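To start, I am sharing the structure in question, which I have written as structure tokens.
A, B, C and D are the chain letters, set down in written order, and residue numbers restart from 1 in every chain.
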Amino acid sequence: MSTRLPTFGDMKAQELKGLLLDKRLLGGGVLFAALALYPGLTMNAYHTRLLAWIMCFAIAALGFNIVLGYTGLLSFGHAAFFGTGMYTVVIAMESAGITDLIVLLVLAMLAAGVVGAVIGALSVKTHEIYFALLTLALAQLLYVLAARDVGGLTRGTDGIGLSRPDFLGIPISEAPAHIYLMGFYYHVILVCLFATIAVLWLVLRSPFGLTLKMIRENETRAEMSGVPILRYRLYSMVLSAMIVGLAGALYAVVVGHVTPEYLDWTMSGEIVFMALLGGIGTFLGPIIGASGFIILQEVALGVTTYWHFTMGLVLFVVVLTLREKGIWGGAKALVDDLNERRDDS
Amino acid sequence: MPIESLLVNTFNGLYFAALLFFASVGLTLVFGILNLLNMAHAAFYGLGAYVAVWTLNNAGDVTTSTVVLLAMLVLVIPLVVFVLSAVLDKTVFAPLYEIEHVYQLLATFGVILMLDDVIKFIWGASPITVDGATDPSRQLGAIDLMGVSVSAYRSFVILIAVACAVGLYLMFVKTKLGKISQAMSEDYEMVQMLGINVNRVRVLIFSISVAIAALGGALFVPFATATPAVTLEYVLLSFAVIVIGGLGSLKGVVVAALVIGMVRSFGIAYFPALELAIVFGLMALVIIFKPEGLFGDEGVVE
Amino acid sequence: MSTRETDSTSTTQNASTEPILRTENVRKEFGNLVAVDGVSLEFYDDEIVGIIGPNGAGKTTYTNLISGALSLTDGTIVFDGDDISDLRKYKRVRRGLVRSFQIPQIYDELTVFENVQSSVLSRKQENNRLFSLTHRDTASIEETERLLEMFNLESHADEHTEHLPHGVRKILDVAMSFALRPKLMVLDEPTSGVGSREKNAVMETITDAAVERNIGLIFIEHDMELIRSYSDRIVALHEGRVLDDDDPAAVMNSEAVNQFILEGGV
Amino acid sequence: MTKDNSRISRRHFLKGSAAVTALGSLAGCALLQEDFGTDEIDGIPDEPFRIVQMIFESGPPAFYGEEAMNASDMLVDRINDEGGLIGEREIEIVDRLDEDAGPDSLISDVQAMAQEGEVDMLMGIVSSAHSLAVAPAANDQQFPFLVTMPGTYQLFEENPDMEYVVRTAGSNAAGAVGAVRMVEQMDDVETVITIDPDYAWGHDHQEMFEAGLEAVGADVEIVESRYPELGETDYSAHVSAIADAEPDLLFSSLWGGDIATFVSQGVDGGMFEAVDQSLLIGDTGAPLLSSLGGSMPENVWLGGRGGYQPNYRYDEDEAHREFVDEYYERYDQLPGWGAYHEWMGFQALQEGVERAVSIIGDWPTGEQLTAAMNNIAFESPHGQHTMYGPQAAAPAVFGRPTDDHDLPVDHPLLGEFEFIEAAEVNPPEDDPTMDWVDELEPVTG
């Protein structure tokens, strides 16, 4: 029997669970340390950048999965939140003269949260494909605003380049680009990723997280249990938007140039792609998905001109064979399977 | 506004509506009857465009007869795609019928990416236009419509769209295939239990739907250019059409195509600044105020 | 066999106390079709009322009006002394008006324990707690355990509900409704799909729990045996109107009921 | 960015010091080692000069990528047949990066190349937005980047201190201001409609054109500005609106498949009969005329920055004739915008290497090579193609479609050329383009 509910098993189950938890924490700690030391040990700027890129999108995919994996809504408008995060940073820096990284990140999360609240409020009543297309349409309107430079903030499709933010009053932005990235910014992203993981792990196991799952599993029952489901869908959109906005904000500095392309629906599609590839039914799947997607794309680009075909084929096969399990869930199932066989023999 | 420009804009709107109809009617049928959300549907519109450009440009050596060229566009190309899609239905698309909509969308997005590169592999990335000598739209020239000169070819395309819509309607109300399809859209399992070979119906409906998309692409290309961008543009447009019309409704597709066609045509003519926002704005408004679309509660042909 | 000893119809017996639920001239139209046509009824928190009627009599529509799944065309619904006619569904639930469905509405990918715990947490309106772990929440865990015990579900606690037998799913559905501590429960065919041998067991479990917790019950049922055995009172609906409202014996012997419902087949 | 004085001055200081260093290394070496003939150089690496091309291989702009790569292959073969750069070091195109992968991927690739040191230079880029994202990153990585195609005037104005980036493509000001110069010469133009793709390229051109017209005091009014979506397939609504308005002049910077579709639908809708004249400046070269066959109307001016038309000075200019003939023979089509821009890039590379080697007597480092490509001039179809600093200034060339040409194709090419000097269509070095356009001086007296 599974030991999901330690209070129901005997004390041994409880201890086992504790051990398991420790193991996970231990694994997480080791991984964190390894990632933190990687740039310093290898001095490989390319890998550092690649990892920074992956980690930003891992945060985005994790945030996105709150809505798809937990609340059960397929949003095709998450580019709006990612792009809002990016634009908030670049506009705050270039127009308002704010240069402190922490302030910028907080602002970006707030701005994305507001956009999430607006898009959410308009769309949470709808379902499935309608929800997907409504979020897509609303996000696309935001894209039009940015591409058309309405309000004169975004400078149209050529976008805006941005400089490097400082940190707590330390003028770290004066460091050369690769030192800034390898010695500082990479670690900021790393900390943000692990903080996101920790916060989401907690939140999704809280009564709030259970409520989102209730809505996903059976809306009628959730409502008949006294849950205001529209409100909770909205909450999940806002929470998701804030995390995706954080990812966008972090990423803006990595890429150094913000264009409306990051608000386009194809960007939303990429985030969906990542979450699915890794497995929306699992907590860590989206992280694996973001890594898989970016590495796959880089490899496919290097190997063939027909990388669209390659990506399409992978998406097709993964979706058909693994569905909500994704790569991560599939791998876990495989390991379980092997373990069982070993136990049998 | 002067009456001539009113007429011309209406004509433009009708023509665009005809193209939208071709691109999206199959999408809504496949969804309504077979319960498959095929994002790759519009890719067949793009494919039809490329096949047509290629056919017309190679036909020049054999014939430049307008009738023969039009027959190729209207009959031969859809027929070829019909056969191709029957094969695809049995292979690539077969497993998709079993999975949830979300996964259907994503898997068929994968199909778009693949078709994209197939087109690039065969025809390259440059925009291709139809040669003047074999371009029926140039051969036919203009006709006079209530004092306004309009393209004869584009009028022909509008007529084909009307014929196609009427034909589909008759198919659904008169033929056995149509009646079974309607029943399937209401209760798939019931039809299965009646001992009807649903797989055969599925192949037929899927292939007809895809062939209409290809027909649209083929008809579209003499008056435009085949580029890799066509597919993605029509993916979004066709989804906008079927969502505004209501998923699974034939009437909805017709009405929504007309609405988008007209709003866009007059919008561009008189409020050019709004162009980028028109379709998405319309789609958002409809979903917000009528989430099931204009005719979403109804069956295929009600 | 009735679970409660009542020597007269509860309507007369409770005339002095306030009804827990009262519907006044409740009406629902769908286009030209009048599904519920001016139904006025009273229900008390210490009785079990069965609703009968042929298909299309308006039974399910009536319960949907009560739960708020449908909006009224006309009329008033008073629950526990307050007019709730325009109240949203979830707010009615929070006041103690709970319904269950013909097809069990449970969370398939959650365990039985989580299913019940989710209801407990919802009742306590703790859905918005972000930073505490549900599997460490002693209060709700203890309450959930008690509920599982009450409905004999302990042995299934850690199972995912997808694979449970139908009868157990029904019981779970009811257990989840009980977790909401309702004052009145409306059950739409609580035994549909349950094997005939299990039906009595399911009804026993439900009615015992209702009596223990002092919860009023309204249930729609097609099985006349069950209706007769478990109801304190029966309401017969026909073409959207109340045909009869009396103690079981009286209703079953009524001429009109026999003509329109019992013989017409249910 | 804050308008913080210390930062600005630091920037200027950096820019200044970099220039001094680069020049110093060139001049210093020149002082130390007198004059060198190429045969006396011994620092030439054995391996070929490795170039990575960054172009669109997928998506709509892949058409330019294809042309650019054709030209690149041809020119590399040509150069290598003569022994390579300065006749000594062969060129190898080691990789092509697909711009369609997006700036994320492109910047990562730049980082990887810079780090691995297996590549000597990055070349190409079609999209302006990509150039704005990738160029500063390449500069950060101290990786030489020869930008061949995009024309956004913001490239060096937004990133003024890039020492590793040079651009042989003319600024898009040349096309837009060239169009202004054309209007100055036209009679009877009072009303104008502009139609440009709805992204930076289109908006930039429209803005410069409008501002320029106003500055030179042309007595014309832009009555309507239209911005169809990029990749639009149905222009009929625009076409009928323009035909209705009957402007004296139609101005457009649509390019690629868009301009082909727009023109063919315009012909069909009778637009070119309702409009007196048209100025189509968004890459309107041979491929467009080829794809339209005979249906290009005659009352249009086509062209823009650079004399990149196969029929332009074809008879007078031997180098151009060779380029066109060789390209046609090899690919069975005439070179277009992408191909010409790539040619300019390779000219600059050859010239730059030669110059650097002649000064320092050794094979140049990346920094020295880019420095050497600053302020040079080389042959092009329109005469001397001159770099002011890291940025080329191209003249504007316009022509009318004509069947009267000697090239072996059965569609019209341009003739009746108008040539407008680079100095009249480009801002002086270091002048912000928009400011300069706002104060444009009239040319005709």
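To be clear about the criterion, a contact is a pair of C-beta atoms (placed from the backbone, for glycine too) under 8 Å apart; a residue touches a chain by one contact, two chains touch by 3 or more.
Predicted, not measured: the structure shown is a model, and the values here were computed from it.
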Closest to the centroid of all CA atoms, by its own CA mean, is chain A
In whole angstrom, the CA-centroid distance of subunit A from subunit D equals 39
Taking each chain's centre as the mean of its CA atoms, subunit A sits from subunit B at a distance in Å of 35
Distance in whole angstrom between the CA centres of subunit C and subunit D is 76
Between subunit A and subunit C, the Cα-mean centres are separated in Å by 43
Touching two or more other chains in subunit D are residues 57-58, 198
Expected list for subunit A, residues touching two or more other chains, is 147-148, 308
Contact graph of the chains (line, ring, star, complete, other): other
Note: in the complex, subunit C contacts subunit A through residues 67, 88-91, 93-94, 98-101, 105-111, 113-114, 117-119, 121-123, 125-135, 137-138, 141, 145, 157-158, 176-177, 180
In the complex, subunit B touches subunit A at residues 37, 92, 95-96, 99-103, 105-107, 109-118, 120-121, 236, 239-240, 243, 247, 276-277, 280-281, 283-284, 287-288, 291-292
Given the complex, residues on subunit A that touch subunit B span 68, 74, 122-123, 125-130, 132-134, 136-138, 140-141, 144, 147-148, 265, 269, 272-273, 276, 306, 308-309, 311-316, 319-320, 323
Per the touch rule above, subunit B residues touching subunit D in the complex are 2, 4-5, 8-9, 12-13, 15-16, 19, 116-117, 120, 124-129, 131-133, 137-138, 142, 149, 151, 154, 220, 223-225, 227-230, 232-233, 264-270, 272-273, 275-276
Interface with subunit C, subunit A side, in the complex: residues 1-8, 202-203, 205-211, 213-214, 217-218, 220-229, 232, 235
